[in-house]
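Next come two complexes built around chain A: one with chain B, the other with chain C.
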Partner chain A sequence: MQSSKKVVVLGHFGVGKTSLIRRFVTDTFSDNYKVTIGVHITKKVVEIAVDSTISLILWDLEGTDDIQSIRQSYLLGTHGAVFVFDISRPSTFQHLNEDLQLVAEKMPEVPLMVVGNKSDLVEDAELKNLLQAQELTVDFLTSAKTGSAVNELFLKLATILSSDA
Partner chain B sequence: MLKEFRQQYTSTNEQFVLTDKTGLVLESEQTLFHIKKGSSIFEFHLFFESLVPLLEGIADEETSFHCIHIEHDGQLYIVDILAVVKKAGLLLIIKNLTDHYNAYQNVTQTRNESVIKTELTVLKNLELQERERFKNRFIQNFSHELRNPLTSIMGITELLGDTKMSDNQQKMLDFLKESNTNLRLMLEDTLSIGMIDAGKLEIKQKLFGLQRLFELIQFTYNAKAKSKALNFDCSWDVKIPEFVEGDRLRLFQVVTNLLDNAIKYTEKGTVSFSVQLNQKRANTASIRFRVTDTGLGISKENQEVIFESFYRSDGSEKTKGTGLGLTITKRLLELMGSKIRLKSELDKGSEFYFDMVFKYPLLSSLETKSLHTDQESSITSNGKEQRKFKILLVDDDAYVQTTLFKMLLNTNRFKIDLAYDGAMVFQEVVSNNYDLILMDVNLPNLNGIQITKLIKDFPFNNIKNIPIIGITANAYQENIDQCLKAGMRKVLIKPFEKEELLQTLYKVLL
Partner chain C sequence: MYPKMDEKDKLEILKDILLADEHEFEAKISRRIEQLEQTVNEREKLSEKVDPIIAFQLQEFKESIPENLGPTITETLRKEIKINKDVVVDALYPILGKMIKKYVAQEMKLLSDKMNNQLSFLSIGKRKFRSFFTGKKEEELMMDDLATARIQQVLLIEKDSGILKASFSQSDAMDEEMVSGMLTAIKSFVEDAFNQRDQNLELIEYELYRIHLQSFATHYVAVVISGNFVLSAKNKLQDIIFDFYNSFMAMNLDLVFETNNAQKSIVPVPKSRVERELAKYFGNAKL
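Our next item is the complex of A and B:
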């Protein structure tokens, strides 16, 4: 039987949460930035193994620079979370460790993926230096624009959620 | 009456739905969405799946969900939903706030875009500042590294002049000297790009031989053009005054930048340098300088950006040079009250030209030449020069030390001792009576500034009062100020010519 899992995608505004989901669900990308308010919900069925699928219900949350202010009701019944930051804008990751701590407090026991998006805007070497300098540990460096590592990210999360079921 | 109005104005924006404990719809209004009785609320929209955990909640427990996007029958609704746990199941109160949230979306869009734009502008500025710092550091280090070998080259060239040479060798040596001088001047100019940016570069108005400058350009660029199998045409109007007042260094730099560029980007054909007299009035002359080539040419759009720092006309990294030439040219001409102009066609060639107004003296060239004074010869007429001065020369660079030693020794006016570090300096000053110390700043262990301070703290007047002249490859004013503050009387910036060295020494000694 196909199970469905709620995944919240959160982070500061303008980091590309909506674009990541759009790339994953419809394999499209737009350069036009449209602010998300509240929450948009979409679904994608992911094949994690032969004859084994999982349905991800993706909650695209409004971006905020104050993670504490995320409404608790949005997180109700969450199975997995993706925290996205923009590697080209330091303000979105300069308090990353504190932000992740808050996320963990709000959603204890929920598997979390930490994602640096817009990897197409920064050179590889510069990226390595940046991560080292800021002491950041990320699970994926993605580009919603090029599609780089987007499917891998959600597939990994789906696999984790599937094994948790 | 009010009840009617209330129903009229609120009912269309609100919908009550009641489900059982399994999510089956028991009752539903149809004001916003068509939700059938007996259907599963979870199948109506993905949002409602998240309510499953609430079904096990305590009676009358309320949970609010704001700004939920629900697409229904091709229309987007943005709603708030209040879920209340009831005995039967869940009561859902759905409020349509689409208009309100759309207005909020517009405000948030403007705000977020503005914040991001500001942030990116700040980042861009930081990046530009960092690039500027890197450029200045690079220029500083680069010029510093060149100063020592250039000092040796210039010194040895001077020494060659004291040997017996054929006329032809003498002529070559003259051009070698001038090239050394120009190389030094270029080094200074490269260093001064930062000063141009800071508005600190001063244009000097001194008398110089304009036609002599053209001869040098002709000689130099004939050779350069020949090495690329190009023709070099050089012509100037004979009515141009022989001597003018202006900044020879800056003019030379502008012209050579343009010529170097022309040769760099021309693979076949001709590079030309021509100078025309526009007009003479009273004692001023307006002169047009023109550099043309039959090279790559520059497209219309690139003509806008060609004067920016580090721009390369062919866009390649292969071309040699700093990429600062045209920027310096443009900025220098602006400082001299002129403006660079460009006519160019892709694949046909380019023409750079500018007009410049010079004052010129109403003197014959012979009289003008006699204006040049020679410190050395004036000193010869002074009785004091007969005495030999005892000098301690401190430099750890063997080449520079040898060059300076020979320069001074050849004048037959100095007795010279050598030292290469602080320990040797202290040993020498205690056991000798020196008239002067010539001290390099960049020394191992104790540097020249530290040694100077220690000498100035000596309890013996004959030591603490020895005049010290600093020698440094670091041409920045702050470094010179540090030297003077430490007690040095003068500071010579590498590279320097023999005449400059001797003039400085005599000023302090006599």
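Our next item is the complex of A and C:
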């Protein structure tokens, strides 16, 4: 039996939320930056085991510098969430822990994946130092451009959601 | 004793004395010409002087285009369309043609579906019968039938998450799960914007279709309707939705929470069963 789960993808402006979803759903990437207004909804059926699939309904929320200002109605009934920041732009993760605290308050008990995107723009060693210096705990470092770790991210979330069902 | 001067030297001294002012004037003019030459020959210096003038002229020209050239352009286009109609049509066809083609195809399909229904043996029989008893012409009855609102699609959607629970459709034209999410986002946005928690978005108009939204406690029903969706049709549709709710949803604790029976465990109803019920209630409904 296939179940459907609502997943919201949120974060600051221009961190690559839409690109991440596009890479996952259609396996494409575009350098053309278009701002998401309101919300954009896409769907992908993920095979988590033989004869077991889950339908992820992905809510790509418009970027905001103030996580508090996200419309509560868009978050209602969420089964899983992905918080994305841009590792090449410190302003998007300077207050990461506070941002995550707010997300947890808005969606208590919802499984959350913390993702540093645009890993192709930063050297590995630099990245390691950066994460250590900022004391950041990140679930995945992805690149929507190269596709690195994108499928792994959504597959892990899908697996968690299917076991919650 | 001064050296002896000849006539030529004397003349030169005299010229110098008499033309002193002219010499100075000549030198001044040469310096100005030199400066001008420099300005004209050096691009940067020239553009420094000329650019503001050109910019001003261009701006004036731009502003005067609608007034001065507007009628000429309109007239030219009019003539061009008259003379080279085919060329203009060719140029516009890719843009307009696709839109018109799509619209006409959609309309023809709808009309053809409706005509097929109307011309079936059973429909003709029914119409003759109705015509005999009502005294109305068969053509009029046929036109009435064609304009009737029809249910094209029914979606049963979880209110908060926008997850589709079950659906009934006359045709598989869209991704129902994505549409359910989008409808929920629109609904949430409108209800948020008006800041009225106790009010709900009830109708969305989409060209030839209307999407009627009926909200309940935890779910809402979205019904896509084609044709003339008048008040009487809306009332009939609401009756059908409430009947469905009362006779089926109320039994399903996964969908509706009964406060007087809170201890009862939640029994999820299989999607296939909900869809069978939707088809039963909405499939042959007349609005």
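The rule is short, and it goes like this: the second predicted complex is superposed on the first by the 165 of 165 C-alpha atoms of A that agree within 3 Å, B and C clash if a C-alpha of one lies under 4 Å from a C-alpha of the other, contacts with A are read in each partner's own complex, and residues count from 1 in each chain.
Keep this in mind: a contact is a pair of C-beta atoms (placed from the backbone, for glycine too) under 8 Å apart; a residue touches a chain by one contact, two chains touch by 3 or more.
All of these numbers come straight from a predicted model, not from anything done at the bench.
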Message: After the alignment on chain A, I want to confirm one thing: do chain B and chain C clash, or do they fit together?
response: clash
Task: Could you look at A:K128 and tell me whether it touches chain B, chain C, both or neither (first, second, both, neither)?
output: neither
- request: With the two complexes superposed on chain A, say which partner A:K34 touches: chain B (first), chain C (second), both, or neither.
  value: first
Message: So in the superposed three-chain picture, is A:S91 touching just chain B, just chain C, both, or none of them (first/second/both/neither)?
response: first
Query: Touching A:G14, do we find chain B (first), chain C (second), both, or neither?
result: first
- request: May I ask you to decide whether A:H79 touches chain B, chain C, both, or neither, giving the answer as first, second, both or neither?
  value: second
Query: Looking at chain A, does chain C or chain B touch more of its residues?
result: B
- request: Kindly classify A:E62 by the partners it touches after superposition: chain B alone (first), chain C alone (second), both, or neither?
  value: first
Query: Hey, which part of chain B ends up inside chain C in the overlay, 1-9, 37-45 or 361-369?
result: 37-45
Message: Residues of chain A that sit at the chain B interface in one complex and at the chain C interface in the other, please.
response: 4, 6, 38-39, 41-43, 57, 59, 71, 73-74, 76-77
Query: Of all residues in chain B, which touch chain A in the complex?
result: 45-47, 49-54, 63-69, 78, 101, 104-105, 108-109, 112-113, 115-116, 119-120, 123
Query: Across the complex, what residues on chain A touch chain B?
result: 4, 6, 13-14, 33-35, 37-43, 57, 59, 62-63, 71, 73-74, 76-77, 88-91
Statement: The answer for chain C against chain A in the complex is residues 158-164, 175, 177-178, 181-182, 185, 188-189, 191-192
Message: Which stretch or stretches of chain A touch chain C in the complex?
response: 4-6, 38-39, 41-43, 55, 57, 59, 71-74, 76-79
